[in-house]
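Below: a set of structures, written as structure tokens.
Next come two complexes built around chain A: one with chain B, the other with chain C.
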Partner chain A sequence: MAELVTLTIDGQEVSVPRGTTILEAAKKIGKQVPHYCYHPGMSSPAMCRLCLVEVEGAPKSMPSCVTAVMEDQIVHTESKQAVGNRAGVLEFYLVNHPLDCPICDMSGECDLQDYVHAEGRAHGRSEEPKRVFGRDDFGGDVLFYGDRCVMCTRCVRFMNEVEQDERLTVVERGNRSVIDTFFEEGLEGTHWHGNIVDICPVGALVSKEFLYKARAWDLEHTPSICPSCSQGCNIELHTRDNLIQRIKPRENLEVNGWWMCDYGRHNHEWMNRGIRLEDPSVRTLDGAAGPMKWRDALEQLLQHVGVMGEGRVKAVATPFASNEDLGTLAELVGALGGGDMVYRSVRVEEEVVLKGFPTLARRKDLAPNTNGAELIGFTRVGDDQAAGGLEDIAKYDGIVIIMGDELSDQAEDFGREAGLFVYLGDQQSPAASNAHFVFPLTTFAEQEGSFTNIARRVQRFSPALEPSGMARPAWLILGALAAELNNGDAPRSAADAFSGLARRVEAFAGLTYQDIGIRGAVVNETYVLSES
Partner chain B sequence: MAISVKVMNRPDPEDTSYLRAALSGMALTFRHLVNPSKVTQQYPEEPTDLSPRWRGTHRMEVHADGRPKCVACGLCPTVCPANCIRLVGGEDDQGNRYPIVYEIDEFRCIFCGMCQEVCPVEAIHVGQHFENAEYTRSRFVYDLDRLMEQDHPTTLLWDPSDPSSE
Partner chain C sequence: MAYPYVSDLEVRVISKYFGDPAHRRIDTYVERGGYKALEKALALEPDGVTDEIKASGLRGRGGAGFPTGIKWSFMPKEPTRPHYLLCNADESEPGTFKDRELMRWDPHQLIEGCLIGAYAIRAQHVYIYSRGEFFEVNQILARAVEDAYAKGYAGEDILGTGTTIDITVHQGAGAYICGEETGLMSSLEGDRGEPRVKPPFPAAVGVFGMPSTINNVETLATVPHIVLNGGEWYRQWGTEKSPGTKLFCVSGHVRKPGNYELPLGFPLIDLIENVCGGIRDGNRLKAVIPGGSSVPLINAEDARNCELDYEGCVEVGTMLGCASVIVMDHKADIVKQIRRMVDFYAHESCGQCTPCREGSAWTARILRRIEKGQGTEEDLDTLMEMTEQMVGTTICVLSDSIAAPVQSSINKFRDDYLELIRRGDQAGAA
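Moving on, here comes the complex of A and B:
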């Protein structure tokens, strides 16, 4: 434990480790000192001059983002000097700002807008014409509106210090200074540049994909986990009209810091896909499938299961399913006497490491829960394209359960010889045509659950969208079936399903939803990150 | 309890006769018949006068080149207390923000005029117009083209010479 320093900020005493900045110390007691250039994940150039605070004894205002705390220091962030300084700085920011909030994508979550509304002048006094840059395409997903820029250089520092691929710089000086790319080389080809849109405190850098799509105040934010690779970045799903509009990273220093990769950020179209399974259906003797009520369909399934005999099950799951879903599937397979449980997942050649935050990378494994599947007892089959590996299951004559895997590479007669073929999924799939029972599932964005990431950290996600039709989470369906076969209790919530999993699987023992919380918790095994 | 009876006197015929009242009423009618000052508005033959602050169905202002002035900022659907405005923003061929879809459900609208008040570019207005009869209900959802076609005068929600009413 570092040595503690006690100081007074706005009349409130606070003790922080030596070396902490005044700004961070103020955060600790809930005081937000306005700032632009400071970002906890990068160096502080102290150039925005907005975080200046009054320090008693100092000859002039001090930039709180770089000034370390001192013993018995007395700091005022709301004094006349500090507030007057901020009002003056903000007035300068607005000298050349176009005030085009109505058409700016940042409007509603813009720091300049917030600070000026809170502490700025009602009217500007500048009579000079504003300088105009217009808009510039930075390549990749980023558009640059130079007029809105406040020259905090967070984007330049992100590319230099965090991504460590120098693509942006400041050109010109003073009033005419502006962020620019080197010649014609833009951000194209970099893998983390979406983050500069997040850290831009104003609307100077905006996402092309999200451009004009929704207003910030219309979006609902749901904490979730990125399903695009096994890193398990903490994210927020921003939704409107029951559609995911964009994905933003959520701070978690243990996993992804403040960042996420562009691949995960833009890989959300599939979550809004429209063609969905909506009703449970059961194939009758003449081959026609018809929609059914959940209760009737599950009761019919239980009758068929009864005559199949013990231990003749083969299950294929997708590593996009949550721990709860995989756990209840394993429980059901166990209740049916045990059998093979496999999964298939896509793997790519290379990891894409974020050099300035090396524990964060776009991992080789492009599924969020392969580790969860492994811990629960599923084995990986097939190649790196998630194809093949199901030869013995395709012709198997026992019980075949497919959960989530769309079997897009499989022949049309997949499972035709199966004694009982149960398909659970969210998408219409050709493979489902031979299934005796088809059950619609919710996607991860529509249900509560948890993923186990590459470091075996269990992290929870929350439902952001309304489920489509009669779709239900897999743990609810499979849990009800398993409970019926075992004469046990069916899980009533995802937390219930997880505690069931914790009872059955050693690695999850002792963990509860409460322990996992919003930051996640590591399972009961030591694990070296470089292993895979 | 004993029943008590109150004896009322028969009223004076002078007070109960309708004759005098009828005659005075007819005299008033007759006076109006010959009175030269007109009060009755001859609607619909003659149009009615509306107050400049009358708030009726909407109108979208257009630029000289025919584009709507709306920049799809989303403030009117946000402020609308009746939630009757549907707006989908997008980018036009010149890179400007514009409304791909802009619809106002005039049946749901309560004509408060807040959309006009909040509009930063003075695009959407409530208008001095109330003759909106249609044959179908769906015609009361005004789309962008319909709103741009309207040519009735717009409402003055405040005095232009004194916008903040000071």
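Moving on, here comes the complex of A and C:
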């Protein structure tokens, strides 16, 4: 534990470890000193000059982002000197800024807008013509509007220090300075450049994918977990009109810092897919399938369990399913007398590590909950393209339950021999044409739940979209069935389903939704240690 | 070839051989007593050398006037990492042309000074960061360094003492900001010439992250003389607080502009009237910028009361800077001169800090508008207020250097501005 230093900021005493900057110390007591160039994940050039504060005894205002705290220091962030400096600097920012907020993607979440509104002059005094740079395609997903740039160089530093692939630089000097790429390919081929759009405090760097899609104030933000690999980056889903419009990383120093990869960021079209399974359907004994109400469908299934299903169950699940879904499926398999539980998943050859934050990588395992599936008792079958491995099950004559696996590599006669074939998914599958029961599931974006990431950290996500049709989370359906068979209580919420899991599976023992919170929690220690 | 302009009032210590090309040759230099100071210094302890410089009271000649001996004493005494001595030869302040002459006429004097300085701060490598535009000078300097190596004054085992000091002459690409000490370091490392935040100061974290000391050419050129003759000897000239002699670069509307070495404390008006032959064409003195373009300008009245040393200049509201005296007669267009200076700074601002990046270009645009007769009196208030916002709010002092001429000219020569504004009003009315 580092030695503590006590200082006074705006009349409030605060103690922080030696070496802490004034800006970070102020954060501790809830004071946000306005800044552009400073970012906790990168070096501080102290060049935006917006975070200057008054330090008693200092000959001039000090940049709070690089000035270390000192014992008994007295700092004013809201004195005449500090506020006057901010008003002055903000006026300078607007000398050349185009003020094109009405057509700017950043409008509504722009630090320049916010700061000027809070502390800037009502009217700028500059009458001179503005300098014009125009727009530039930086490659990848990034467009650059040079006129809006505040020259904080966060983007340059991100590429140099965090991604460590030098693609951007400042060219020219003085007020002709502008961010530019070295070569024509620009950011093309880099894997983390979406982050520079996030950290750009203004609308200078914008995402081509999101361009003109939505105004910031129309977006709902939902905390979630990236489902695109086993890293489990903390994210926010930004939605409008019941569609995911974009994904942004959410800060969590234990997992992803402030960052996420471009693959995960842009892999959200599938969450918006319009063609979905929307109603439960049941194939009657004469072969005809038709939609049915949930209550009736579940009753029919319970009746069939005794008649059609004999012997051990064979269940196939996807590691895209939540801990709650997988846990409830395992419970149901148990209630049916036990059986084999398998999953299939895609693995790629290369890990894409973020060099400046090496605990973060786009993992080889492209499923978010492989560790959850493993801990709950599922075993992996099939190859690295998530194909094959189901030869026994395709011809099995007992109970077959498919959850989430779309069986896209399987023939149409899959499960023809099955005594009872239940298919749960969000998409129709040709290989499910023999299913006796087809149940529509919500996607991860439509339900509450949790994933267990590569470091066996359990992290919660929240529903961001309305479910499609009659689609329901698997834990609700399977939980109701298991409760009927076991004469127990059906889970009424995802938290309930998780508590059930924590009771049954030792790895999760002792964890609750409350413990996991928004930052996540690592599973039972012994399971972490036995990983290798 | 005799040096074009000399005066009997001069005290020529470091400029003694200006105008004598033979002095560039190492043999001539040694014949005339060169490298004796190096020999003497190497026989002392490094701190002994620093003490002698401290005793002389020599102050940095680059503009800030920080005592050189004290600066050297900031360096770690027990080197655990390489130390570097940087010689700032990126002379680019408008109005300054002394370092160029020192390197052109007496390169070995500088090299000797560099070697002594390096020894005193326990550095084994000296970088002379020179302006790229100094083409001829750089050739002379490179030749002199080569000769110094050949004669055993530089490189390994200097004069058989076991001391190793290398010298590298590095040519910049002609950016004003690379004359700022930390900007110079960034540039030398191969990055954009952008000043860095202090602390850490160069003596702790300098070039390549190592303890470094940076001195001006004139400062280092003075060092051999002090080492050879002693600190007390140097104090025979100048004032108590500003001892010694200083090169004054006089330009503008005087009859005999040029480099003159004078004791510090020399009256400014004597420099203009007696050393430089007075104002051209019998015109009247209007304004003087005594320390290079980044110090406040003063009017004729203040100029008559100004003594040219660090304290004397402050007394009349300006600074000695690097002693580049720009003299303007009553026909000078003050607004135009200031606008040209601000244009220069707007062009040379590195663009890091917002007040400087945006403020410099904005100031230039307003001044241009006033110059064209399209200004208003409110513009003057705006200029005063916004330049105030540029003082002490940035990483380096380039921004302050814009405020100084603008504010001082509006304060002292407001009528010149109002004249242009009124003329514009009349033209508009007509």
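Please note the rule applied: the second predicted complex is superposed on the first by the 519 of 532 C-alpha atoms of A that agree within 3 Å, B and C clash if a C-alpha of one lies under 4 Å from a C-alpha of the other, contacts with A are read in each partner's own complex, and residues count from 1 in each chain.
Keep this in mind: a contact is a pair of C-beta atoms (placed from the backbone, for glycine too) under 8 Å apart; a residue touches a chain by one contact, two chains touch by 3 or more.
It should be emphasised that the depicted structure is a prediction, and the values quoted were computed from it without experimental measurement.
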Requested in this report: May I ask you to decide whether A:R125 touches chain B, chain C, both, or neither, giving the answer as first, second, both or neither?
Outcome: second
Report task. Figure out whether A:E412 sits in contact with chain B (first) or chain C (second), or with both, or with neither. Result -> neither
Query raised in the report: Of the two partner chains, chain B (first) and chain C (second), which one does A:E3 touch, if any: first, second, both, or neither?
Result: neither
Report task. Using the superposition described at the top, determine whether chain B or chain C touches more residues of chain A. Result -> C
Requested in this report: Check whether A:Y93 is in contact with chain B, with chain C, with both or with neither, and answer first, second, both or neither.
Outcome: second
Requested in this report: Classify the contacts of A:E13 with the two partner chains as first (chain B alone), second (chain C alone), both, or neither.
Outcome: neither
Query raised in the report: After lining up the shared chain so the two structures overlap, which partner does A:R135 touch, if you call chain B first and chain C second: first, second, both or neither?
Result: first
Query raised in the report: What residues of chain C sit close enough to touch chain A in their complex?
Result: 175, 177, 192, 194, 197, 346-355, 357-362, 365-366, 369, 382, 386, 389, 392-395
**Report entry** Contact footprint of chain B on chain A as seen in their complex
**Finding:** 101-103, 107, 135, 211-215, 217-218
Query - List of chain B residues in touch with chain A within their complex - result: 71-75, 78, 89-91, 95-97, 120-121
**Report entry** Touching residues on chain A, where the partner in the complex is chain C
**Finding:** 44-50, 52, 59-61, 63, 66, 85, 88-89, 91-93, 95-96, 125-126, 128-129, 131, 150-151, 170, 172-177
